[in-house]
Every structure is written in structure tokens, then in C-alpha cells.
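Two complexes are shown next, each including chain A; its partner changes from chain B in the first to chain C in the second.
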Partner chain A sequence: MSRNPQKIVFDAVAKYGSGREAVVQILTEINRELGYIPEESIVAVADAVGVSNAEIYSVISFYSFFSTEPRGRNIIRLCTTISCEMKGSREILETIEAELGIKAGATTPDGRITLETTSCIGLCDQAPAILVNDTPHTRLTPDETRRIIAGLE
Partner chain B sequence: MPNISVKINGTLTSVREGITILEACGTAGVEIPTLCYHPDLSLAGNCRMCLVEVEGWRTLAIACVTPVIPNMVVNTHSKKVRHARRTVLKLLLASHNVNCPECERNKNCELQELAEKHNITSNEYQTSPKPESIEEVSPGIMRDNSRCIMCTRCVRTCEELQSVAVIKPVGRSSSVTISTFMDRSLNDVPCTQCGQCVIRCPTGALFETSEVRPVWEAIENPDKFVVFQTAPAVRVGLAEALGLPIDRSTGQMVAAIRGMGVDRVLDTDFTADLTIIEEGHELISRLKSALVDGDESVALPMMTSCSPGWIKFIEHKYPELLSNVSTCKSPQQMFGALAKTYLAGKEGIDPAKIVSVSIMPCTAKKFEKERPEMRDSGYKDVDYVLTTRELARMIDEAGIDFEKITEEKFDRWMGDSTGAAVIFGATGGVMEAALRTAYEIVSGQEIPFDGLNIEPVRGMEGIKEAAITMPERMATGFEFLAGVTLKVAVAHGLANAKILMDKVRSGEADYHFIEIMACPGGCLGGGGQPIPTSPEIRQKRTESIYAEDAALHFRKSHANPEIQLLYAEFLKEPLGHKSHELLHTHYIKRD
Partner chain C sequence: MSEKKILTATEQPDTGSALKKSLEMTSADVVFEVRESEIRGRGGAGFPTGIKWNLAGAASGSNKMVICNADEGEPGTFKDRYLIENYALKLLEGMTIAGYAIGSSHGIIYLRAEYPYLIPIIEKAREDLIRENLLGENILGKDFNFDIEIRPGAGAYVCGEETSLIESLEGKRGVPRNKPPYPVNSGYLFRPTVVNNVETFAAVPHIILNGAEWFQDLGIGDCTGTKLFSISGDIENPGVYELPMGSTIGELLEAAGAKDVQAVQVGGASGATITADELERSLSFDDLPPGGSVIVFNSSRDLMDVLENFLEFFVHESCGQCTTCREGNVRLLDAVHLIRNGEISSMEELEPFFQLAEVMKIGSKCGLGQTSPNCFIDIVTRFIDLPDGKGGA
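The block that comes next holds the complex of A and B.
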């Protein structure tokens, strides 16, 4: 059971303070707990920190791991930067899209999995790589990818 | 700071330590091209237009953000610099919608001017042109992000000068756009429509919502009776908007508008004087209720209500202080309400045929005229609002030679004005005009300032304060004010308004009367005024305003003969029944 969005902001401010430097930490807590950052949370963070709603929205838009839309219970993030691309990330993307029946950026209708592409996640030496929630999976093949997806709740 | 020696383009120069290379070049008379730099704003250093070469440095330096150091050797136009600048310009142009003839800022665009100066005739980086994308139509402001070069002047303006901060960079890298909270319309965020972003945009990404076409149609329609009103600050901005030196041009302005085929050319100054009478009496009435009757429900300090950007700001940010705002409509809206009632009667014209057009230094006035409360005449009180820039475009389109035109006078009934009305265009002007009249009403004597010039409320300081002690002998009925010291404050720019409002809200401020103008410098620095703007330009316009005041026969609003006639024949008395019906309004809380 998640805390309500206001409560998360309140607790995060107690923990990290209400300075501008605390914004990313606060947003990370919200994003982790709810899977996304709802509009009411943005307003609450802006009020707590004393900046405009637009400023918080601007910060969120900078980080691809933050979302303002609800997402699935699991998030697969596929790196599409050059090293992964040279090692076959495109084939992995096609495999995941076919397996889930959705395009990158979308969530399966049952809310199980959201598929996203991301910039470099620092695993170039083990490309192609994905992050499933917080866990990296590297040197992927289509078969290995299908096995990982099947194991997700 | 001590002076240091630097060499700029081979010439030794002594400059203050700590200033930037750009500033040092300025004092040495060397011009460096800039785009993201603006004298009113913090430094961003993001456009790279001002790159210069510093001997011994591996890379080029960004002149606007790099401080000078002793014995620095700077080359501003070396081969390397010129090559880099041309590349920077081409890259900026490659992601810009280069459709200049259709752009509002054609021939008044910093990017276009730099491209011309740097002989950019072809662009190897140009891919397919960006499609035009009008992303925003709000009453006062339109946005076309295909013309945006991401300099962030608008973002810095909104935050630093106006403390509004509704526009921000959204996204990352090449997909960044200047956007709002949840990418909403400016209508649906706390934008004040002040247009300060518009007058600092180097390109045409931000511009006013134009009403030139419907105004021409009204002028060309023989069944319509077109009435123009012109705001105080327009007469010190119009010449500049037409490419002439900054100067007042009241007579030429009237002649040019009449030459366009407008039926009556009248003056917002007339209703500025009217505002002073109504607002002055409202202030005295509030003071009486508070000081004599001990009525604690009377809100003090009273705050001015002329600036629609300020009104929208307080409605969003300090709704608990709305009862402090004068109920007087702005001069524009008083004029509109009277044009279709009093003037219609005087001219014997069916008010349904009147098209009421106002020329304003302002984009927020376009929002104000759309407020549902502004229909007290039984019609839309003001039909169209044009900025100073839009009027200049119409004068150009009509082929009128503004420089050579013979000066003419305003038409009668609502065309008389006083120096007190003209100074509404400068920060502190409403306060000064109000004090000139209110002091005389309550004491029966002229306010004791040399030449009626109330210097403490003039000038460009962000927040100004003054205290004026009333004489011991007062006019009959105003004895309660004998010896009372009236405390006033003036702020311009909404960031300064915010500082004052925080003080009022916390109970820290003990003012009786506050003047707020949304725009830095007051209306003469408004979002509808000529582009560019800078402290020097606003200073020159201010001098023009006070020169016009000094040159006028009547300097006090209550001396305006047509105002006296208006009360005698139509309104009867200040704050009377008719005034309440036509000239006063209310405000709403906004999210």
C-alpha cells in the first residue's frame, strides 16, 4: 500500500530538506513509490521548495527515469546509444516489442510492463544492455530477453 | 576593485578588475555580437555568439561570462573567431524557421541582423526547414517555437524580473522546448500576459496576438464609428517603433491615426485623469473609514489597479489581498465604458455602431478587455487593443510619413489631458498624479513640491518610498487628516511587487497607498512597446514623459476642463451612482 502523494512529499522534505538541491531526491522518492510523479505531487513539491510548478516540471522532463504518466509494475529500459546499437540493441527492441505487443514508450494493457528506451546506462562494455527496474541485464540475445520477460510478475 | 591592463585587438586598455570580457570590450568601444546576453538579465552564456580569442588559451572564450584577468590579450575578430561565429550562426539558423517575410519581427530581429552582418548567404547545415508551429494563442501573447533559438531570455525574464516563472526549458538536448507546467497553454498557467518575454525575445518566437486586420476592417466599414484612445506611454514609444530616435510625438501620432481614417482620435490620458479623481476619492474615503470610523474591515494600504498584468498577478498569487486593490477600472476600461455611453450621447451616435480601439504599450491590456466584467456600457467596452508596435505597422501600411506629418490635436469630449495623466506612463506617475490631486482636495492647497514634481516617487529604483505630512489646517470635512503622515510606496516589475506584497501580507508594511506597475520602468517599458528594451532606452522614454508633463498647461487631473464637464453633465460626483455603474469593478481569485 503506497502512501498518498502529499504524504510522500511531506516525508521526503523532512528527510532531505526543502532547498532546491533536495528536489531530485524528493522526486526520486515519489517516482520510486508510485512508479510515476503525478501532477498533484509536482504542485506539492513546488510549494514545499518555493519554486514554480513549471520549474519542477522542467526538472522532471530532464531525467528520462522520471515520468509524469502512470507506468507498469515493471519498467524495462533499453539502451539505444551507439555501443548498444552496434551490438544489436535494435534486434532486442524488436524482440521485446513483439513479445509484449507494444511499442517503446507504452505499457502493456494489463499494466505489467512498461517499455522505454534510454540513453547510455554505462554498460557499453557489456552491450547490448537493459535495465529491468533497478537490475541490469547485459550481453543480451533475443532468447535471453524473452526468458527475462517471462520471469516478470 | 582596482583597474587592470588588458589588450583588446592590439590596444592596451585599463579596465576594472572583475568585469567580463564583453564589458571590457564595451568600455573599449569594441562591439561583440550577442544573443542570449541581455542587460536586464542574469548571464546565461549559452548561445556562443560572443566567442573571442584569448592568447594562450586552448579554446575560445565566451565573452559575456568570462572575467578579464591582468594582461589578458583578447582578439575579437581574428580568423578563428570569425569562423567560429559564422558556424555558430549557421547552426542556430539551421534549427530556426527561416521564413522572415511572414514573421512579426522581420527587420527587427537580432538573429536576422547578425546573419546579415556575418554574410550568411548559404547554410550547409540547413536540413529541411522547420515547420511553422503556432503553439500558443492567448489573448495577449502568441508563441511559435519553430523560431526559438533557446537563448532563455524569456525564461530569465519571467523568473528574475517578474517572479512568475511560468515558462521553463522542458526536455533535454536537441528536444528541449520552452514550455509550461504540463505543457499547458499560457491561458491555463499563472502567466500575467505582461509581454516582458516578448520584448526580450531576440527572434519572433514570442509576439503579441495581433488585431491589426479587424481594426482595418472596422475603419474601412462606413457603418462603423471608430474611436481610438492612445495610452500615455505610446506617445513616447511610437517614433522609436517607426525607426526614428526616441522622442515624444503626441501631435504626429494624432495626425497619423486621423490620416488612417479613424473617426475620433481621443486620449486615454483623459480617463487617466478620471482615474485619479475616482481613486483619489476612494483613498480618502478608505482613510476616513479607517481613521475616523475605526472600521477595521477597510483594507489598507490601498493599491493601484491600472496595470492589468499586476491585477492578474495578485489574483493568482495574493488573492487574500484583493480587497486592498482599488475598485477603479484601469483608464483603458473607463474610457471604453464612457465611449459607448457618454461619448455616444455627445456625438449622437448609436453605441452599437461604435468600435472602440485602444493603443497600448501593453499586451496584458488585450487580456483585460476580454474580462467578462468589462461590458458595463451594455456592449464590449473595448473592442480591440493594439500595441505601440501594431500601430506603427498600420502607419507604415498606410504609407504615412510620420517624420514629416504636421502635428494635430485630439478630438473633443474625451481628448483633454493633463501632465498628471501623461506621467501614468512612468513608474511612480500614478502615485505622483494621485498625490497632486488628493493633497489639494483635503488641504485646499497645492502639494508643497517644487514645480509639483514629487521627486521621491520618480526614478528607476525597484521600490520607492515616500512620506508626506498633511498640514495642520485642512479643508472642511477633512480635519481628521490634519498632521497625518501619509506613507506611500511604488514598485515596478512584478519581482519588486512580490517583495512589497510579502511585506504587506506579513504586516511588516505600514503604507497607506501603493502603486504597482507590472513592467520594469512602468508602462513605458511595457510588453507592447518597441523592441529592444534596456535600462538606457527606458531612461530616455522616461525623460520624454516628464518633458511632456512639464510642457502641458494643466498639471493636475482635477484641472482638466473636460473632466469637470464630464462630472457636471454625466457622472455628477466622484464615487457616485454612475461612477459605480461604469467605472468600478471587482476581482477574482485565480489558481
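The block that comes next holds the complex of A and C.
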């Protein structure tokens, strides 16, 4: 069960301080725990650090890992950069889209999985590759991909 | 071809031996040794590391910082990941030596968000070093403290540029700063700051242990040291290869097993695209920028697909600060679409886009916008046959 957004901000501030330089770390913590950064935590971070809500929002919008929309319990990030594309990332993308019934950028209606495409994730020697939450999966085949998806809670 | 592996050799010098030797030298002598080795930064730009350390050491200001750039976002690059997975202790030791050399007690590793699985590896290395008194307070009984903190990024290629990396560490949008001031004088929180690539730090213990001259001799010609290359694409054995700096691209391809080569992209999306006739060219700061990424394309590949993929990457990753880069990359991508559907069919019609490419190089603030037109120019002028008139090499 996740903690409430204010509590996460409170604890993160206790850990990283309330200086401006703590903002990305605090946001990372919220984003990790809730999967996204809800409005009430934006307000709480802005208050704690002493900057405007807009300022915090502009930081969030800059980074691809941050989201202001709720996301799935699991996030699949599929690399679409050239080395993965040459080794069949398109086929893997189609496999996942068919398996989940959603397009890249969307979340399954049951909130289980969000699918995103991403720039190079540094696994080009083991292409095609995806990152599922914090875990890399490499040299994927469609079958292996389906198996990985089936194993996600 | 010589088999001179240093950074990735199976036999590694004892952990802490280079640090121990450094602490028996004056900090000025450590900087001197690094400077004499003529090692140039392994993150792409190739600035001489010894000069950077010298400037940071001489800069006035307290709380100096040692920052390791582990943002590794250039498409096709994974050597830093490989170094951290296998040689994290050497990286941390190199950073600690840098701390001693410039008079800093605080190191940060800015690790890209896409590498969360490396965090436990770095944390374990840090704990091991602290246990051995090679990190932390009064290192090896000397009056020298140094500790290292891991700070994860949040997914932005441009944060690999050192000033935007610093902005990001300061909790802001990762937008490149104007230079000067340079980080060595005013970096993280206005403190004198050294930013170096993972591979640069990992080479330092070897330089200290074996000496500057030894390091110089590892390279070919004027180049010094060895270099790691990440090789992927149409190749038998993709992976990380360590070769003497100044080796030819052909030697690297031979080591990794390439057949039927049409083109090679050296230095990532922002690097150079060369043809199969140019394999004698050298991986060095004087010729092909040896950033680390080498992607091979065989004759079945349509280089327009490659170009489109790279430009989509740049459109996505531009921080948007400079009009030339923010709009320019979109226009170049438009040109690719226009060529594809036949609306551009001659070099004359492409002329405005080449002019735009020049403007982007001059008018963009950081390396992203300055180098993103390279792939467009290289591929369109050398690999494409336009219906009306000459394209291709």
C-alpha cells in the first residue's frame, strides 16, 4: 500500500533536505512510489522548497521518467533507437501492443501495465531490449516477451 | 593488432593500490602525472583531463566537487554501463584520486535513470571501499576525506552535457548553461567542479600506478591510452572492445566480426557516418571522434531509415532552448519525409536544408544542436540516390 503523497514529500524532505537541489530527488521518490506525481504533491514540494507550483511543474515536464498522469503498476519501456530497431524492436512493440490491447503511451484499463517507447537504454549489444520497471530484459523474441508480460502482477 | 587491454583486463591491480600511491604524492604531482599522460576525456569532447584538474585545483572556492558523468545517452553507447557492471571499484578509486588531486571531499555519480540496476553495484563497491578505509574519513590514515553519492537522472539525453547535468543536479530542468563560467570555476552550486566521464575516471588508477609514459605508449601515434568502444548493429559479436587509441575502424570491425558493411556510424547519432571505403580511418580525436559508439549497417539497410530514426531522436531530445536546434531538427526530419515521398528529388532542392544545417551548427548553444545535422549531411550526400541528379557517393 503506498503512502499518501504529502507523507512521501515529508519523508523525502527529511532525507534530502528542502534545498532547491533536492527537487529532482524528491520528485523521483514520489514518481517511483506512486507511478506518477499528483497535483497535491506538486503543491507540497513547492511549499517545502519555497518555489512556485509552476516551477515544479516545469521540472516535471522536462524529464521523460516523470509523469503527472497516473500510470500502471508496471512500466514497460521499449527502446526504439536504431540498434534495437535493426534487431526487431518493431515486432516486439507490435507483440506487446497486441498482448495488452493498448498502444505505446497508454495504460491497460486495469492499471496493470503502462507501455512506453524510449530513446536508447544502453543495451544495444543485447538488442532488442526493454526495461520493465528496474529490470532489463534483452535479446527478446515475441514468445519471451509474452512470457515476461504474463509474469507481471 | 596488439592485445593491450587495460581497463577491461581480467587481471586488475589491487584495489586501493593507486590511491595509496597517490596519497604518498603531493596533489600537484598527481595532477602532473595525469596531465603528462595526455589522457583526453572519454565522454566525447576530448578535453585534456590533466588541464581540467589543474584548473579546478587552482580555482578559488570551497567545497570543490568531483562529478562522474554516467548519463551515457548517446545512441549505441554502453561502455560505461559495462565498466560499472564489472569495474565499479576502479571508477570509485579514480574519483577519489581526483578528489585528492583537486582538493575535494565530495563526489557525485550522476547515473542515468535507465540504469537503476547499477545502483546496488555502485553501493556495494562504496561500502567495500569504506570498510577498507579507502573511502570516507581519514582515508588510509591521512588527513583526507572523500565520499561518493549516487544521484539518478530522470530521463533526458541532454543531461549528459556537463552544464545541463549540473543544472539537473541542482534540481532544475536540465538545460545547458552559457559558458563561461566553466564548471571548473563555477559548477555545482557555484563551486569549482570537475566533470569527467566514467571511463576517464576508470583509467586514472592505471595511469597513477604505471606512469604517464606507459599510458602514452599504449596509444598509436600521437594518441595516448586505450579506448573502449561499444559496437552494435550488423555485427557478429556486439559488445565492448578495448583497443589502443588511434586504431582504425577496420581493426575494430575485424575484432567484432563485420561482414558486408555498407556504412558505419561512429560516435553515435551526432557522430560521423562513413562508407565501407573508409575503414582505414582512425578512431582518434584527430579523425573520427572516438566517443564510444560504433554502429554497423550492412548492405540490406536503408540509410534513410537510420537518418529518420536519428532525427526523431534529436527532435525528442532537444531541450528547446535554441530555435536553431528546436526547429532545425524538425525541419531536417521534414526534409527526410519530403525525400521519401518524392517531393524533393534533386540536390538543388536540398540546398536550403544544407544551409539550415550550417546555421544549426553555428547558432546552437550546446553539442546537441551543433552536431545533430552531421548525420543529415553525411547520409544525404553520400548514401542516397535522388531521382533527378546526383546523390550518393
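Here, the second predicted complex is superposed on the first by the 153 of 153 C-alpha atoms of A that agree within 3 Å, B and C clash if a C-alpha of one lies under 4 Å from a C-alpha of the other, contacts with A are read in each partner's own complex, and residues count from 1 in each chain.
Just so it is clear, a residue touches a chain if its C-beta (ideal position, glycine included) is under 8 Å from a C-beta of that chain, and two chains touch if they have at least 3 such contacts.
Remember, it's a predicted structure, so these values are computed and weren't measured experimentally.
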Partner chain(s) touched by A:68 [first = chain B, second = chain C, both, neither]: first
Touching partner for A:58 - first (chain B), second (chain C), both, neither: both
Chain B versus chain C as contact partner of A:127, first or second or both or neither: second
Contacts of A:93 with chain B and chain C, given as first, second, both or neither: neither
First (chain B), second (chain C), both or neither touched by A:135: second
Which of chain B and chain C A:42 touches, first, second, both or neither: first
Chain A residues touched - chain C or chain B, whichever exceeds: C
Where chain A meets both chain C and chain B, residue numbers: 58, 62, 64
Residue numbers on chain A that touch chain B, as the complex places them: 39, 42, 51-55, 57-58, 61-62, 64, 68
Residues of chain B that touch chain A when the two form their complex: 159, 164-172, 179-182, 189-190
Chain C-touching residues of chain A, taken from the complex the two chains share: 19-25, 27-28, 31, 49, 58-59, 62-66, 77, 80-83, 85-86, 118-127, 131, 134-136
Residue ranges of chain C touching chain A (in the complex, touch as defined): 72-78, 80-81, 112-117, 151-157, 168-175, 189, 230-234, 238-240, 265, 269, 295, 297, 301, 305-306, 309-310, 313, 316-317, 319
